[in-house]
Each structure stands twice: as structure tokens, then as C-alpha cells.
Amino acid sequence: MRFDEAYQGNVFIKSHQNFEESEAVLYGMPMDWTVSFRPGSRFGPARIREVSVGLEEYSAYLDRELEEVKYYDAGDIPLPFGNAQRSLDMIEDFVGQILAADKFPLGMGGEHLVTWPVIRAMYKKYPDLAIIHMDAHTDLRENYEGEPLSHSTPIRKAAELIGPQNVFSFGIRSGMKEEFQWAKEVGMYIAKFEVLEPLKEILPKLAGRPVYVTIDIDVLDPAHAPGTGTVDAGGITSRELLASIHEIAKSDIKVVGADLVEVAPIYDPSEQTANTASKLLREMILGWVQKK
Amino acid sequence: MRFDEAYQGNVFIKSHQNFEESEAVLYGMPMDWTVSFRPGSRFGPARIREVSVGLEEYSAYLDRELEEVKYYDAGDIPLPFGNAQRSLDMIEDFVGQILAADKFPLGMGGEHLVTWPVIRAMYKKYPDLAIIHMDAHTDLRENYEGEPLSHSTPIRKAAELIGPQNVFSFGIRSGMKEEFQWAKEVGMYIAKFEVLEPLKEILPKLAGRPVYVTIDIDVLDPAHAPGTGTVDAGGITSRELLASIHEIAKSDIKVVGADLVEVAPIYDPSEQTANTASKLLREMILGWVQKK
Amino acid sequence: MRFDEAYQGNVFIKSHQNFEESEAVLYGMPMDWTVSFRPGSRFGPARIREVSVGLEEYSAYLDRELEEVKYYDAGDIPLPFGNAQRSLDMIEDFVGQILAADKFPLGMGGEHLVTWPVIRAMYKKYPDLAIIHMDAHTDLRENYEGEPLSHSTPIRKAAELIGPQNVFSFGIRSGMKEEFQWAKEVGMYIAKFEVLEPLKEILPKLAGRPVYVTIDIDVLDPAHAPGTGTVDAGGITSRELLASIHEIAKSDIKVVGADLVEVAPIYDPSEQTANTASKLLREMILGWVQKK
Amino acid sequence: MRFDEAYQGNVFIKSHQNFEESEAVLYGMPMDWTVSFRPGSRFGPARIREVSVGLEEYSAYLDRELEEVKYYDAGDIPLPFGNAQRSLDMIEDFVGQILAADKFPLGMGGEHLVTWPVIRAMYKKYPDLAIIHMDAHTDLRENYEGEPLSHSTPIRKAAELIGPQNVFSFGIRSGMKEEFQWAKEVGMYIAKFEVLEPLKEILPKLAGRPVYVTIDIDVLDPAHAPGTGTVDAGGITSRELLASIHEIAKSDIKVVGADLVEVAPIYDPSEQTANTASKLLREMILGWVQKK
Amino acid sequence: MRFDEAYQGNVFIKSHQNFEESEAVLYGMPMDWTVSFRPGSRFGPARIREVSVGLEEYSAYLDRELEEVKYYDAGDIPLPFGNAQRSLDMIEDFVGQILAADKFPLGMGGEHLVTWPVIRAMYKKYPDLAIIHMDAHTDLRENYEGEPLSHSTPIRKAAELIGPQNVFSFGIRSGMKEEFQWAKEVGMYIAKFEVLEPLKEILPKLAGRPVYVTIDIDVLDPAHAPGTGTVDAGGITSRELLASIHEIAKSDIKVVGADLVEVAPIYDPSEQTANTASKLLREMILGWVQKK
Amino acid sequence: MRFDEAYQGNVFIKSHQNFEESEAVLYGMPMDWTVSFRPGSRFGPARIREVSVGLEEYSAYLDRELEEVKYYDAGDIPLPFGNAQRSLDMIEDFVGQILAADKFPLGMGGEHLVTWPVIRAMYKKYPDLAIIHMDAHTDLRENYEGEPLSHSTPIRKAAELIGPQNVFSFGIRSGMKEEFQWAKEVGMYIAKFEVLEPLKEILPKLAGRPVYVTIDIDVLDPAHAPGTGTVDAGGITSRELLASIHEIAKSDIKVVGADLVEVAPIYDPSEQTANTASKLLREMILGWVQKK
């Protein structure tokens, strides 16, 4: 054994050691400073990596193994605490570099606002980008208590950037009346309460297009993901979410990037949410990365 | 800002400040002293109020907002610890006053025995009262270890008061053999295991009648409500419970009062049960209060 | 009251006091020393007994009461810490004695490896034994990091002993690629993801045969059983598992022994997993013991 | 191995199997139904036994081993839930039988009210009984909200029975003004805040007398015993409590019975309080039982 | 019973109902948005009030009862989430009104930055104000990552406002080298590690002066206060902190206001920190308010 | 920002990036497979690193900053699960390489058995090695249930290797009678219960000698370190342990290596033990590494 064989910190299971050779880049965005109710998601990426050592490397769903995909775990972006604007700038820059190297960016939150700068970077590269958004919440506020940089606003911002007709939300069960109204007025698609069935209808319409998929873990029912900031009863099961990931994998869309956000370990005493997140990431890697 | 603008303690989100103008009155019944297995529900009302600040004020299910209903949070009734009889008397008196003021009583338990004095008060005003009861347990014991004032007896007492043919239980999956036999003999309705489908059959039969709805949070599966005294596997999902609340809201019955009981924070480390309870209460307010 | 009326330690509710008169013997196998990821199941049997006092004695599913079956709680086998081989020998010897006395062995784990010596004992008495196995994991590894005595190997060993065509696995959602391939090659039955529906197909084929049923609590989704070593999203509900137990009870197979393993209290802060396990055991006792 | 070698439920480590041959009898009093603030101590005895398996059998303080004392673990007295009077009667009867057999009664609570019937039984046998009481609270109320059977009253009742000049309280830091005044008026000894130093002064005065020692675990600071119903900052360390037990062991008093009460596992997530209680019991057994 | 007898939300035990008649005003400052490591103190005031119902109303230390002091619980100031500047402005205004009414302000945090606007308000009224500061941390940074409004800066700002020679810090065991150097250079007093003994030396020098006392709960060792954001080993005991409060009560200084900050319930699973905080507040009320 | 600026996994705060330039090497030994009672320490090193981000970089005790010492965090040694012998061989080899490079090895456990191979490596380089051992337990068993590789045996093995007169144990409060007797017979030093005072006596006698210091976190009282496998009441405070580390730093001995073992996160819900461990490591780095 030599020193470089020692376990170099905490990385996602089976990560590839070499950035250049990798097809995908996994990275953490440990930010939760615009969260109003129960913060704590900044510790999500570290815990997901920690429990990933308990994962099987083979997916019985997709009949593929993690070693069939090369992904590099770039660690957490060193975001400056409390400075939302600079944090977002760093994320956009970071993802821009991943895209410049023609790799698949796979992010772990952190609060959902981190998706906003990722979309900015994606959109520069893919002007015909569409977004698939799975979440309990609309995240369509124009601002939160006057603050436009809030965990309640990222999808609104994204929709305004790439056009609301290119954003497709699924599983939504919470939001302000105004948010739903705005979506209706501007022609943005929202599937309330359900994910899998409406997804089956939408996917064919997106065939061939580059799509970014953002999953807020709270799209799951609190029974399946208690470890998140804003639990909201009436969500989908982890079985339905897994099936949705697989449905996308089987479709003709071209997934060009993705994230999974809002895992908060402090509300997860039995670590079930972190474990579930690590399994979801495995399926996302195995099902989506090869799409390009 | 003036002093009366400060947040006056811990009230349910968007509570109306004025009792007289309110259509409904929310109140806590912090009692758990007849609980045999795992006490702790006396702290339920306080925690439900605390987490209610995380609720959206709009229901995407009912397309209504909390500000469309005026409800006053009267706080917790100051029940004398350990004195079951006097506690029940105080509850009956308290609810009697709400009814005298022609308002909708919406109670939070506390153990399920608190429903018994509420029914006594309701029955005085509504002699043709029917009860819809959602629970994992029959609660039909004549007594518990010789004690008639027990959390295992409230529905029996209620059935004996208003007539067992006027009581409709749903979701029941636990009880003594004698309890099920008694219900059968006296013609009381029990839907085992399920809530939504049998409810759809019963509601039309109750059209036009005044109905009190009592929900024991343990009608939910432990996955959806771990924070309660007697968890019992095999229950319904929070999605089914939400749909049942909405089914009642759409029906032609006249809900005249309701309660939600048995939330026990000490078994709820991630606060998911308290959060779910606060969402259920929002839907009950939005869906039922306007029925009168 | 006399001294022998005092509660003699911690036994499963309604256990019969006399071994000779009993039809079934409940026993704990407090072993977790080959567990790779999160140990702790050695404390499972004690906690299941502790919470069993909260159980109703009547099953509303089977319309039977615990007092209709005589079962003796033999306590935990005093397994020598860290010595896997000697522990397994003790279990085999212990179960052999139960079988010699013509009683139904009902074991509580501990890790899943404890099932292996039980099968050895069962097979000596029942040469035409079949196994029904409910689990998230295949448990078909030949060895784990070179060690054949591992919690990942018991079903492989059992299949090699009694013939892979006599082993029927249900609910499997995790394993190595090689494990699934081995099962396919040797003709062992594996129902992926589902339990109840495939079980309905298999049970008639086993009519009249002696069957041992082993249930790993992690066949349940983490929402329903967070308190176990290797949680794995996408599992079945406790409702489906209860229905599966009842399906077996109604079938024409002859259940000759059973176990429930892998409950780990340290990951179960609200005790929901232990409570669920105690209810499952009640249904197994009421549904299966009388089959002989 | 034979069946009777299996671990017969949950007993305190190294308990002797035979009641007749034993010098001391350990027993649980799982009652908490008069507790006003945070119940849960009814589960204390079971958890203390469970963690006792982690204890060393040798005391480095007293240079003695557990096998040098024969003590029988009689299990928990099956107290009828919610019925305080009948529970107390059963305890008095139970302890009376231990004393009739000339054995040392060593009780585990449960709430502190359980000490009251024990004192009644002790006093019948030892008319010159004195009491050493270690606690954060005076427990000298005449009644609690009108109820004389309360966890706040046991020492008052004991003092009125055996004479207040025979009761010696240590470590007291909470109580009503009236309680302290009453003690002063009737000449009952109270050492505020401290235990060890005042104990050193009192012990010589009790030389030769039969003494019952009752320890409420909350005499410890919350840092040392978070797992109890009413934590109260400013208490003593476990080191001081151990030294106090040893000081009694070295003294010339004749300890004739003892108890340790108010361990509540639900507030003890790391099990430190239960572990500390089991060590305290070991020292009490090794230091006090041989005194007779 | 009338409606206004019901428990009006969650207030500190024995609060006086009338603002005008009160001598002191208790208020919460639920802000934690500049916290870098583990946020959560925004929920501190609510939990402290909730557990205060378990407090004795009498202090055995001071021989006084809560009813001897009239204090009004004004609830939590409704601070706008995430907006540090506006939050601080609201606090300053709020405390200014308390002082204008000639009452004693007693604040509950929230993060320590909330003390900064309080000091601004105090200083306007008391130009010769001195500060006693008990904390594990210096809190003397000029800014944190460039941001002057941070939980690491309040004492620096206060010192610059009222003059560093008027600030006296006790119990300090953490900080940057530069912070200690700055204190030394400007002549600010810092007692490292200890509180009680250095306090005894300083108090006589402050005789007659108006003093504001700010206590960060993390001055306590983590053993005594695990429920806070930045635990730091090597702190004082709750006994020493109580004694320090009493030392101030006995001194000749004139306490004109005080706060207790940084209780974070999410890290306090057994609620010991919240309970300790509520006892500290009781002693502060009983010992300090009458000083004016 | 470039990729190599991203946070590369989970390392101890302020670790130096370059092995060659470093004076010390920090490494984890994530092994707990010989633990009899409550395993879980294998996750200790990862959690200590995670919480180290909350540490101040300056020591107010030693007036030194972390950047004054160059230490490389080599990550965790990838120990093969369940294989004690091979794990120990890997540790010995690993530490041998650190010593060959003339660097200070600073290990994090894991269970205490990991110290045994470290001592073997140290002893090869330093034939006149002495050991300072701080622990609640003697760890002097010859074997545990017949197994010589156990967490109860490392100090015995070390004493037999380097000579018992060269081993100095402090703070010991638990062990078998035989262990204490053996130490006495062979002339090994044991300071029962205390650490700081006996250490002051021993240190001058070791002046100039190379010394390895091994600290089991359970030398602390459970109040100060609940998050460990075998909590044992009556231990020292974190303040005394810090002072002991500083006493060694001031002495004339030559610390040549050290470890801190037995932190188990699963018993540490508020993370206080991990936080304390990270502070102890900071002081060990600042106080001891420069000694060579």
C-alpha cells in the first residue's frame, strides 16, 4: 500500500480518479443561506457521499454497473458563506468549465436556488434547452420578502431566461396562488401531485431536445424523505421517483445535465434520506449520462 | 412597529386576531394522562402551531387561501394535569361556548379521549349529529382495566350517546375482538383498513346532516406519521387522507366541527408528523369551515 | 401477588409460560458481527419484545387472538460475540432441539446470516424443504471480501444446500450483477421489486410442501422500516407485506418455520420499525403456526 | 446448550437465578402516571437492564466483583396502568414479601412516588428507620393540584410517617418556597446544592441505624443525566454521586434498602443516563448489600 | 372558564398579562441568518418558552418567587427572514420603545448579532453604559468574509461604540489571534476560560454603573449546553454560570438590560439546553430586574 | 476558480496539500469489528473531519495557529471489513511509511485495537519508546472470549512488547480485577480516576524520552463524550483533558506520535463528541508536533 491508496477523503462510491477521462462530473453546492424555514442542506452533499459506501454498484433496474460510467467527484465548490450572489457566480463559472470540457454536470445541493446559475451556464451552451423539474413546490416566486435571490425563485428565473414554455414541472403540490396563475398565463406546464404519468405524456414531445433535469428531494413524500427543509405531505413514493428516472432513461430526450437538491441531514436521524439520495444519483448516473 | 405587532407567542399561521369576527375557533387539548403505552401527545398542539409557519397559505388542492377563512386560535385549554374528569368537563364547557357563539370548533389533541366531551357538547346542539371517525383503532372499549375514562373508549361512549348507527369508522385495523363484535351487534359501521373508497359510499347517505369529523393521526401508516403514541403498520398514506378530506369537502354533508388528535412530538425527531398535521388542518379549515 | 407473578424480564406479549405445552418457540439471535455497513441488529430482538406490549392481541385481518396459539419465548441464544462460526453452530443446535420437540421455530435476528444454520437444521428434518425469501437484497454472494460467513451469503448457502430450484426470492431490488446471473443459471426464482403478485403465482406450486419463510425487514421501503442496517429505496409497503403474510396463511403450503431479521434499533428513533416488526410477528404466529 | 441456558429475557447483568439463595432482590416499578411535565420513566428499568450487559463486573472503586453478591432480578412489578393507588398497594405488598424473606430490596423507578409505599413497608420492619434522600427536588408538597398521590409528594409523606427529623435530603436545588419552609419548621434536614460534604457530616450521626437510601437520578446535573423527566441545571457530577455512594459504603450506617428512580429513556438518545444508572446500581449492590 | 382564560399561545411561565404594569419585558429575536456553521437558533425563544412550564417558580438560590417580579412576554419580534440590516433596525426600535417606557429589556436570541442593535438602543439612554459579556468566543471580528454584519462581530461593534474599556468579556476560549491582539491593544478586558473568579474582581470596579449583560449559552461547556451552533469543549459548568448570575445580583452594579442567546433546539434532542436556558432566565429575572 | 480549488472531499481543516512538505500526517483507521457492546466508531474519522470546519484556527491556550504547523490529511486507510488481522497489518505498514518519511503520525480511530499495530511500528523506530495512555478502561485483557485481537487487549499487547514499566495509564476507572492485578504484578503504572495530577508527577520521569500518546475519548465523562461505544460515568472533564494535553506540550518529553480513538457518531446526536475530538486534535497538533 502506498499513500495515494489511502481513502482520499469522502467521495461518492466508485468515482473515477481522473477528471480528463471522465464523462460526468459530480459536484456539491453546499449553500443554504436563503432558506426561510429549516436550513441545513449545506451538509447534504457530504452525507450523501458518506453513505454511498453502502450502495450496490449494480442497478437491478437498468442492468448496468457503476464501473461502466466514468464520473469524477470534484468535491464541494467552496462557496462563501452568506454571500448568495458570489456563490451563484462561482457555481455558474464552475459548471461552465465542466461544459467547456464536454462533460455531464451532476450537481448535489444545497438549497434549490443553486439550480439557477447552473441553468444560466447550460443555456449558454444549449440555446434550445428544456427543463424537467420535479418538486413539491412551484419555486416560481418573483422574489421572497423582496429578495429575488431566494430558494423560492429559481424556476421563475429559469423560466424567464429560457422561456416558460420550455419548463416542465411535475409533482407540484405547494405554492402561492399567484405562482400557479403566472404559470398558467405564460403557458408553463405544471403537473400537480403526479410525476410518472404526466411525464410519460411530455417526454415524447421533447424527443431529441437537450434537457436539464432538476430534482428537489421534497418531491418525495415526507415518509420517503423526512430529511429535507420543507416537508410537505401528499408526495410521491421513492418507487415512483425511481420509475420516473428510468422513464427518462428510456426516452428519446437528450439529458445534458442534472441535479438533486435539498437533502438536509439534521432532519434525517436514521439517514434514510441520504441513502435514498445516493441511490437516486446512482440511477441518474447509470441511466442518463450515456445519453449524450 | 408597535408592541402589538410583535408575534404574540405561538399561534397557528394566519390566525385571525379577533374572536368575534371569526368563523372558526382552533384550540388545543393538551391531555395525555390516560394513555397506556407511549404518552406525549399533550405537547402536540404547541408543536403543530410552531411548524405551521412553514406552510404555504394557499391550497393547490382546493384553490383557496387561508385568508379566505377567519379562524381564531384560542390557545390551549389549561387542563389540570392528571385529572381526567375535570379536564373533560372543561373541554365540554369550552366547546359549548364556541357553539353558543355559532362558530366552528376545530380541536387539536392530545389523546383521543378529548373527543368524548366535544361530542357531548356537539350533541346538545345537533340532536341529529353523525360522526365520521378515521383511526387505526376502534376505540370502542367499554373501559380500560376497569377505567371508563380511557383513550380506548371515546368512540364507544360517543356511539352510546348519539346511537351507534350514527357513527361511521374508517381505516380501522386494530382493536379487541369484542369491540368489533359489539359494533356488529349494534349496527355501527366500520370500514376496515380503507378510508377513501368506503367514504365515497357513505357520504351520500349523510347528505344534509350535521357531521362531526374526528381524525386520529394514527390512521396514517407509521411511515407517514411516526410521531404518535401507538404506531400500527398497514395504514393509509397521507395522500389518501388528504383525498378523504377533500372528498368530504366536495360532499353534501354539513361539517359542524372537527378534531385532529394524537400527534406526539417526542417520537417525531424530523418533525414530519407535526408538519403533516399542520397541512391537514389547513385543508380542514379551507375545505370544511365554509360548509356551514 | 407472589414473586412469580412479577414480570419476568422482557418477553413477547402473551408468551406462554410452559415450553412443553407450546406449539411454537420464539427466540432471538442477537448477532451482527459480519455486517459491513451499519451494525446494530443484535439489539433487535430485545426492542421488539419491549414494544410488543403495545400490540393488540387480536388480528382484525385473521380474526384470531394470540391466546389461541401457545408460543414460548425462549429468550435470546447467548451467542459468543465476534465468533461467527461458533454462533452459527449454537443456532443450529438450538433450532435442532426445537424441531426435535416438534415445535414451530420462529426466530428474530440479528443479521441475515443467522438464517443459514436454521436452514441446516430445518433441512435435516424436512428433506423436501422449500424456502420463501423476502428481502431487498439477493444475499447470494459466494463470499464477502473472501469471507464465506457473511450477511451477504446466507441464501447462496441455503440454495446450494437444498437446491436452488427450491428457493423463491421476492422483492429483490439490490445485488451484484453476478448474483442475479448465478440465480438465472442455476434456475433459482427471483421476483424483482414485487412480493404479493408473484407470491400468488408461486404458492400454488408449493402446495403441500414444507416451507421455511425468511423475511428481511429491509424488503420494506425505508419509509416503512428506517431502523435497519442497509436501507434501500423503492421497497414495498408494510401493507403489502402484511397481505403477503396473509396470502401464505390462506395457501396450501405447510409453513414449518420462519424468521424476521435485521431490525436495528439505533436507526429507529421513533421505534416504528420495532413496532412494525412486532405486528408482523403477531400475524406470522396467528397465520402460520396452526398450519402444521 | 439446553433451553434453560438461553438468555431468559432481559435481566440485570450477573443476576442470580435463585430467589431463595439471594441476599438482595432487584425489581422494577414501571410507573409514571402522576408525572406532570415529561413522562417516560416507566421504561427506565427495562433500558437499564438492557445496557447493563456493557458493564464491567468489577468495581475499581470498591475492589469487589458482582459475583461476590447474590442478587435476584425479580423483573418489573406488573403495575396497573393509570391506577396510582392500586400500584402503590402492589409495591408495598411486593417489598413486604422481600423484607419478610430477609432480603435487601433494591428498586428501580419509575417516578419518585414509588418510594412512598416502599417506605411504608420498610417502616413496618424498621421502626427506627432513617432516610437518606438525594434529589434535585424537595418532593415535599402536601399535594399537587389537590392530588396527594403525586411525584411531588413522596418525601413529605415519608417524613410525616417516620418523623421529619429522620429524613435527610441532599443536593436539593428546586422546590416551592412552602416546601423549604415546612422542612425548616418541622426540623427536617436539607442540604442545598451539595451532596458529598454534607453527607460526611450526617453519616456519623446515623451510625448503627437502619437507613433507606433513595436516589432520584436528577440529583445529577443534566449534563450527566439528560434522560430524566425534569432536568434542572446546577446539579452534581456523576463523580460526586459515585463518591457519595462509596462514602455511605464506608460508613457505620446499616443500609437496609435502596432505590434509584426517574430514568426516562426517551430523553436519552445516546443512552448515557441508562448506562450511568446501571453503573450506580452496581456500586450500590457492591457497597451496600453486605452491610446487613 | 372564559375564552381569555385559555392558554394564549406559548409564553414564558408566570408572565404578567399587562405591559403597562410590568417592570421587565421579555422578547425573542428569532434570527440566525448570518450564522456560518450550524444555524437553528431562530427557534430558540419558542422552545425556551415551551419548556418553561416545567420550571419551579421559586429560586432556592435567591429565596424569591417569580410572582414577586412583573414581566411581560412580548413574544418574538417579527424579523424579516434573511434581511440582516432591517432585522437589526427593528430590534433597535423595539428595544428603544421598552426603554422609553422605563422597563428592563430581557432578550432571547437568536444569534449573537442581535445584541448589537440592543446595545445601540441602550447606549442612547445610558451614555456611561458598561457591558458584561459571557461567551466562548471573542466575537470581536471586524467582519466575517468581508461582511460586517455577522454573528462574529457584535462585541467588536459594541466596543467601538461605547469604548473598549467599557466592555468586559468572561469565559472566552476561542477566537482569532487578531481578535485577542486587538482587545489587548485597545485595552478591552478579556478573562480567558474562567467566569466567576474574574467577575468577582471586576464587579466592584463597576459599582453604581449601568451595565448590560449579554450571555451566549455557549459559554457553558458542550456537556451543559449541547444545543447551540458552535459547541466548544472546555467551558464552564451551569453551576458556575448560575453562581455568576447570583454574584452580579449581589453586587453594586445596576443591571439595566440583558440577553441570553444562541440556544438551537435542533441540536438539543433531550431539551436539556432549553431547560437550562429557562432556569437561567428565571434567575436573571429574580436577581437582576429589581436592581433598578 | 479552477477545479483543483474545489473542496476535495472531506479533510481536516487547514490540512496541508503536500505530503512531502508536511511535518505530521493525519490518518483515519475506520475499524470497529472487534467491539463487543456498541460498534460505530468506524465512522468517527469522517465525522471529526466534517465538523472541523467549525473550529477556530487559533488556540487561545497555546497562542499558536494551525498554519504554523504543516500536516497532511492522508484520508482513511482502506481497511478490509471484518478482517482484523489484515487491517492491523495494513495499519502497521502505513504508519511504518510515515515514520520512514520522518513525519509525526497522528491517527484517528476507530476502535482502540488500532493502536496496537501503530505501537509495533513505533517501537521498531524507537526502541526506548514509552506510552502515555488515557482511557476509562485498562484494555489489559489477554484475550476477549478467547480472541486475542480485541478492543480490550491493545494495551496488554503493547505492554508485553515494549515492557510494562514503559506504559503509563491515566484516568482508568473500569476493568477486570485480573487486569489491575496483572498491572500491579508486572509493575505497570496505572493512575485510577485522575489524569492531570498524576501526569504532572510522571512527566518529569520521562524527560527526553520518545513517547507515544494514545487517548481513548471515553476517558472523558459521558457528559463530555456521549458519542462513544462504552460510556462509563465518573470520568474527567474536557477541561481536564485539554489541560493534560497542554501539560504534555510544556514538558520535556518528546512526543513522537499520537492517536485519538473511539468516537462513534451514531451515539452523538448533537455532534458534541465529534466537535470536542476535533478541538483536541487541534491542540495535539499545535502542542505536540513541534516537539521533535
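Worth a mention:
Note that the chains are named A, B, C, D, E and F in the order they appear, and that numbering of residues resets to 1 at the start of each chain.
By our rule, a residue touches a chain if its C-beta (ideal position, glycine included) is under 8 Å from a C-beta of that chain, and two chains touch if they have at least 3 such contacts.
In UniProt terms the chains read A, B, C, D, E, F = Agmatinase.
Everything quoted here is computed from the prediction, not taken from an experiment.
Shared contact partners of chain A and chain D, listed by label: B, C, E, F. Chains that count as touching both chain E and chain F, per the definition above, are A, D.
Interface repeat of E-F: among B-D, D-F or A-E, over half of the contact pairs recur, by residue number, only in D-F. Chain E has its Cα centroid 40 Å from the Cα centroid of chain B. We define each chain's centre as the mean of its Cα atoms; on that basis chain B and chain F are separated by 55 Å.
Between the Cα centres of chain A and chain B there is a gap of 38 Å. Shown for chain F are the residues that touch two or more other chains, namely 221, 223-224, 269. Chains that are in contact with each other form these pairs: A-B, A-C, A-E, A-F, B-C, B-D, B-E, C-D, C-F, D-E, D-F, E-F.
The touching residues of chain A, when paired with chain B in their complex, are 37-38, 137, 172-177, 180, 192-193, 221-224, 226-227, 230-235, 267-269.
Against chain F, the residues of chain C that register as touching in their complex are 32-34, 36, 39-40, 80-83, 144-147, 150, 266. In the complex of the two chains, the chain E residues touching chain B come out as 1-3, 5-11, 19, 27-28, 43, 46, 49-50, 73-78, 90, 93-94, 97, 269. The touching residues of chain A, counted against chain C in their complex, run 53-54, 56-58, 60-61, 63, 65, 221, 223-224, 237-239, 242, 269-272, 275-276, 279-280.
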